[in-house]
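Below you'll find a set of structures to go through.
Below, subunit A partners subunit B and then partners subunit C, in two separate complexes.
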Partner chain A sequence: MAIWDRLLFSFSRRAEKGLRQFELPSSLETAKSDEPVSLAHIMEQFEDCIDVFQRSIPSAGIDIVYIPHLIDPMRFTKEIVDPLSKAQDAQDVRDVLAQSNFWHASDSKKVVKGILSGKAAIFHEGNVYLVIVYGPKSRGVEQSETESVITGPHDSFTESANTNLSLVRRRVKSSHLKVVKLEVGEITKTIVYVLYIKDIVNMELVDEFVRRITNIEIDAVYDGNMFTQYIDDFPNSLFPQFLITERPDTAVSKLVSGRILAIVDGSPTVVSGPTGFFDFFSSADDYYQRWSIGTATRVLRFIAFVITISFTAIYVAVTTYHYEMIPEALILTLRESRSKVPFPPVIEAMLMEVTIELLREAGARLPTKIGQTIGIVGGIVIGQAAVQAGLTSNILIIAVASSAISSFVIPSYVMSASIRLIRFGLIVLAGIWGNFGLMLGIGFIVVHLCGLTSLGTSYLSPFAPTKWSDWKDVFIRGPFSILTSRPNQVRTNNEEKAKMRK
Partner chain B sequence: MFKTQYRCLLIGLLAVLTGCGSDQRILEKIGLTHTTCFDLMPEGKLRVTNSIPLSTGEGRRPREVLTTISDSSKGAKVDLSRQTQLTLVSGQMRNILFGWTLAERGFWDDIDTLVRDPSVSPRVKVTVVNGEAHSLIIRNYSNYLRTAKYIDHLLESEIKIQTIPKVTLYDFTRDYYDDGIDPVAPIINELTDHVKVDGIALFQDDRLRMKVDVNESVYFAMMRDDFKMASLPIVLSGEKEKKELVLFDSLINKRRIRVARAGSHSFRVDIQLKVSGVILEYMGDLKISKEEDKHKLEEKIAAKITQHAEAILKRMQQKNVDSLGLGNVVKSSVPYKEWKNMNWREVYPDIEIHCATQVKIKHYGKQK
Partner chain C sequence: MKEKLGGFHVFILIHMTQVGVGIFALPRVAAEYFGYNGWLMLVVIAAIVAFNLYLIWLVWKMGKGESIFVIFENCLPKWMVYPFYMIIALAWSLSGSLVAKEYVLIFQVTAFPTANPMIFMFVLSLLAYLLIIKGIYAIVKASTVFIFLVLWMAPLGATFINDLKLSRYTHYFLQEGKEHGMGLFNLYSSFLGYELLLLLFPYIQAKTRLFTSAHLANIFSFLMYLSVTLICFGFYSLQQLKLIMFPCIDLLAYIRFPFIERAENGLFSFLVFRVLITIVMYHWAASLTVQRIFKNKKFAQVTLYTMAVTFVVSFMPGVLDEVGKWLSIVTYFDFAFAFGLPIFLIGILSLQRWRQQHV
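Our next item is the complex of A and B:
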């Protein structure tokens, strides 16, 4: 009993009833400790860390502790070393240290953490001051490889959360864009910025989002994709419940439509939610093309989805059970191409599907130069040799290839991976029960999708619950003149676009 | 509550569905019967011939023809499947051919078993062979790879240009069970190196009673239904060397039937045909470019059509076959009780049927 429940319905990590009032964590630092803040004590903590440097300026009577590869050397010299070494007497030193960029710290834990996050600790007369001189080398802003567009901006997020934040800020010049800083991971202490636009977003959702993040209990977070799995409503479901993007323009469009962003430090992917199933089928390109063209490509993607999910499964069902369904003109060709194959269709189809997946996986892991070889070898082996050897029929090759190609049409890689996996289940069902099995499988998927939620909002929105006014941006990409409302799913109080309530 | 129901449903499905595993019909392991022929043998037995197309890889033969003689069509199936390595199925059947003698005796029993077989599509064609169906199907017509497919395509193309009606298993069964209409079926015939459409067979119930010649089948089609896209060559007058010919093409026909009472148990049926079309070819003295000559020609054609139609109607009444469904028209014009008490078969031969035709020549030649 419990097993069925768990299989069908209990994927959910449901929201606790009665949301807490949203409180911004005022400081991430933990409670004050009684340990003395002395240079010796701090250095003792950094024992065996050869990358922690201690530098003395005897003329000013100060010691500076910092990690060289976390700081910007230019800034370090300009802001700390120069003014302090120029100081004539103790009063000068005190004046310099009284400047606002020198923070007085009285807690040793704070100091240790500061040093670890790219600050320099200045020890002077028993006092400790922290200066932000953070500036490690990071990758420049480059073009996105997983979400490339033809028209539109080409920049993408990088691994540095600050850069990512700046990419968003550059696009949203509004004080309504609020940023909350949170910390995830016991050891890595990864910084997560939660972004939302006040007066557009529903604060209850922000509340829930922050609550989930603060409840994460893990040692380490490395990536946005990993991070989402900790805040998913249904962690065991195949479908991603948060949209992940590398594109600042997409991220900003999510913000503006009333969604929440999470920028995870160290990851070029940004998480946005709440998300519906159909959001995974729209690409930034849709909005940069004229609406008719955008609509056509979007419809094409839905067709691709249907092909991916069902093409091979239909082939299996039809050749195993429903010979009546095959058109007369096709039946003899199909028969002839099947006649040399020693396996039943379901085995034949699984064989080819697995081969395609192998090729895809190999192509993704290998360097580009070898990856091309894989493509050629795969093309010849699958397209030509397998048919000639009588392992598969060439019509199946067409079915498998077209469904594989279709799966890559779906803009979100995470979603297309889910769909490719689901396909295998449908092929097996089609092999066991024919069309009935196929329908059973699709029925199960629909039931499951209906039950899914993203941040507590319906995953199939605006399809179920039906919200007709949102359909103009789901199955089609309506002209901008009619795309004037924000999606119903985000439950915003500010539905009209271009009308900010002051 | 909801979850419990789901669980029961799933377990129930698993229990029920596990029984279906042996239902597999893997494409290359089945013999797809394309055409089945039924012939009556002298002792009242049935000769069943199945034509099964093979893909060119198998045995280098384009098709396999299996024959057996048995008491019933279902019994024949068992015997036929003994003759082949494939599992015989009938889900891709396209055509059923009946031999002439069997058609005259009546073949409802054989059709009935096919109608009751869920795998046989109701869109399977029913055709009568003028002669033996068996000998027609076993022959290889040198121009065509697969005889059965050739016949099927031949019928399809003829149906498209209205020389024969489209008669499927569904149509035949419907007309058979309907008490105001009798079924029809196309007739094909075997020539030296071809198969030819040979007219329309008119049935009384399931027994073939009358044949409409292929030249007259367009007239029959006009009375039977509205249609588009037919062509009709008419010889208006054929005196010695002065022949008057017309080829009337792209016909659009509208048919109207009116019923009036003529006496207590008799009716008068008026069939009104409105035919419009294009003159493709005309040989004669009239100048069609002149308006009055055009009307004259229209009248001549109309008279010819009426003459042919009435001839067919007369023969149908003589043979007592109501293939046009006049019974249905009468049925809808009289109270149901009266229809129920009436024996249409007795009334039908004596009713008055008149045919009136209106012809309109839209234009002549390819241009106006």
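Our next item is the complex of A and C:
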């Protein structure tokens, strides 16, 4: 820990001077060990690892150690085997090994780590050289399933961090895009790339982001969603404090607006921060449609949010305490429908909400074909049988269904899940104290949201604190002619867009 | 990064603190004490508040944005300052608790006659506590959200336009009133809350136009009160208005939508957000004052104890009338502090300045 602390300190000192070199993890690799760097010792380290191969080329007097499924065989043959096999004498071998892609290693830890990360270790005359031949098979770039759009690009991130990096680099052809390599997970040693655009991003936020990542103490990281929970400002909150996306275009838009990205190796999602509550309501589609249509869709999502959190709770409040609010024409229908139900409205509503959640969860876990069956069966059970059996009123079915459908309108699955959970609390409060309970519940949510921050910036930005200039890209999707400034939340000094043309 | 309050924040905070439970009974108070066209007295009250705000602004300018506690402690010994702090804190904290109690009692009367009001009050106080301990910047953020949650109700006044009778705004001015002094005080109590601006000095950006923001907030509150009172004076006859305890709530009962038969209950619930900020700001001010005495204690701890004490005290008045009486007693103190504190501080600062010039 002392080394980490010292390095962190030196990092922040450099940051103050404007000399920014993110060398934290690689610096750790330079820690010397007294262990000998011999073939026997390295093979001893990999004892019982049948996937570690040792190959000898006797004519050149070398041994190569590598993990076959982590390397690109073509590259391995072309860069190592061919030149070394063709070497006539020891001098030829030394000449080959003197090339810049052969990196001399003097530390056994570094050699072991190199082999594990897709390098080949070449042993020659007591020396060890490492060559990057990384190239395992990975899933191809496919369409995003959770963030699908109708218009716009259809490619999405994959599990390979290098592919993800390339997807970003392909879109940002600028040397201002900086990439920092960090490592997380004591056992998995997962690579995390931190991306930001110099001269747009606020470097204090980058400092904070890097600091949080380097402070993560965990055995393993499997996914971006898991990763964010370690860098969240408030890990116990229900609300996500970093935006997670599968879409390269969304990720790039975040970068350009002055935010920071984290690409976690092995995860098809990219983490972006700082983020605000309202960012979870915008979709890439908004920008690919005409602004008026984008605005209408965005407004629809906010209406959906209100419906999701309040519809069932309002039903419970009104049918439990405030019958006077129901219009005369509707009260007869409602009374007739409710007369068969033996439970109080709050129990009735909870029963239905839980059933809807069960259906949703079952639908998400089962294969597509069976999932459809679940939908049909669930629809019949809830839509007809439950009403006929007197378990629920049909007006509640409408409320619960509208509420459930609305929750899926919210583009971010993580936020949608949080909101669905909050709804249960509001239903209970409405069941206890009617409208007053509902308002108290909303009050609790607002108070909680007001205390939240993302990378130290206000989570409710630009609503509270109010930055009117940002409203044109939050509550509506203004025409591109007026979307000329970067969000206030990122605290950038480069507020005007299109200012990087150099 | 330490946040500071800007002009818009000050505007929202003051407006939200000013408008609380007072608005429910305000038209009745105007009618009862000032008779016909009693709403005119609101202009006088707003002008007095504006003068008081000017005094507060003078303190800010003379003290160069210094905390009032620092000004006090620099000039007076602790044995004098601390008991004074205790009295102020008690008055402010009691104001917060009694406002909460009045709101829950009104709510109980209108919607939950059989429920125990202290349970409501406990939940309301808990909500207030959770907000207070997050600090003034979170309070401002919450106020901003809450103001948008309640402001949409303002245009609802337009639904009464056809029901207003011009003849009710007679050419009689302030006739059939009584005890004008007491009436003035009662109306004034609805405007209180702006005096907490004194405690915001250390949190305000140097370039903030404090005076303008505070005045705009006062004008906005005045306009809100004026619109409500004008509607009530045009909608009800003077005699009716004197009899109805909370004309504003009764007014809500006349609002009907095609999809909601009687919306007053729902609309009244929304007003909890207005009341909440009033409660929060008074408790926050009290806790801040108490913390000057117990500097080693954490703010959350101080707030908890202060709120707990006044919560227990608020058990004593059991019915609305009693709460009203208690609240008017506490309001005397608030009124005295609103004027007394700035005058006293101006005196201290002038003395300091005079000393510096003659040393």
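Criterion: the second predicted complex is superposed on the first by the 471 of 502 C-alpha atoms of A that agree within 3 Å, B and C clash if a C-alpha of one lies under 4 Å from a C-alpha of the other, contacts with A are read in each partner's own complex, and residues count from 1 in each chain.
The criterion applied here is as follows: a residue touches a chain if its C-beta (ideal position, glycine included) is under 8 Å from a C-beta of that chain, and two chains touch if they have at least 3 such contacts.
Please read these numbers as outputs of a predicted model, since none were measured by experiment.
Undergrad: In the superposition on subunit A, see if there is space for subunit B and subunit C together, and answer fit or clash.
TA: In the arrangement built by aligning on subunit A, the partners subunit C and subunit B clash.
Undergrad: Under the stated touch criterion, which partner chain does A:Trp433 make contact with: subunit B (first), subunit C (second), both, or neither?
TA: In the superposed model, A:Trp433 contacts both subunit B and subunit C.
Undergrad: Quick one: classify A:Tyr321 as touching subunit B (first), subunit C (second), both or neither.
TA: Both partners, subunit B and subunit C.
Undergrad: State whether A:Cys450 touches subunit B only (first), subunit C only (second), both chains, or neither.
TA: Only subunit C; A:Cys450 stays clear of subunit B.
Undergrad: Between subunit B (first) and subunit C (second), which, if any, makes contact with A:Gly126: first, second, both or neither?
TA: After superposition on chain A, A:Gly126 lies in contact with neither partner.
Undergrad: For A:Pro58, using the defined touch cut-off, is the partner it touches subunit B, subunit C, both, or neither? Pick first, second, both or neither.
TA: It touches nothing on subunit B or subunit C.
Undergrad: Per the contact definition in the header, classify A:Leu332: touching subunit B only (first), subunit C only (second), both, or neither.
TA: first
Undergrad: When the two structures are overlaid on chain A, which partner does A:Phe463 contact: first (subunit B), second (subunit C), both, or neither?
TA: Once the two structures are laid over each other on A, A:Phe463 reaches subunit C alone.
Undergrad: Identify the partner contact of A:Lys340: answer first if only subunit B is touched, second if only subunit C is, both if each is, neither if none is.
TA: first
Undergrad: Please report the subunit A residues shared by its interface with subunit B and its interface with subunit C.
TA: In subunit A, positions 321-322, 324, 326, 328, 433-434, 436, 440 sit in both the subunit B and subunit C interfaces.
Undergrad: Touching subunit A in the complex: which residues of subunit B?
TA: Those in contact with subunit A are residues 3, 6-7, 10, 13, 17, 20-21, 23-28, 30, 32, 53, 55-58, 89, 91-92, 94, 119, 121.
Undergrad: Sort out for me which residues of subunit C touch subunit A in the complex.
TA: Within the complex, subunit C contacts subunit A at residues 1, 3, 6, 8-9, 107, 111-112, 115, 120, 123-124, 127, 130-131, 134, 138-142, 144-146, 148-149, 258-263, 265-266, 268-270, 272-273, 276.
Undergrad: Name, in rising order, each residue of subunit A that touches subunit C in their complex.
TA: Subunit A reaches subunit C through residues 204, 321-322, 324-328, 433-436, 438-440, 442-444, 446-451, 456, 458, 460, 463-466, 491.
Undergrad: Report the residues of subunit A in contact with subunit B in the complex, numbered from low to high.
TA: 1, 4-5, 8-9, 319-324, 326, 328, 331-336, 338-341, 344-345, 432-434, 436, 440
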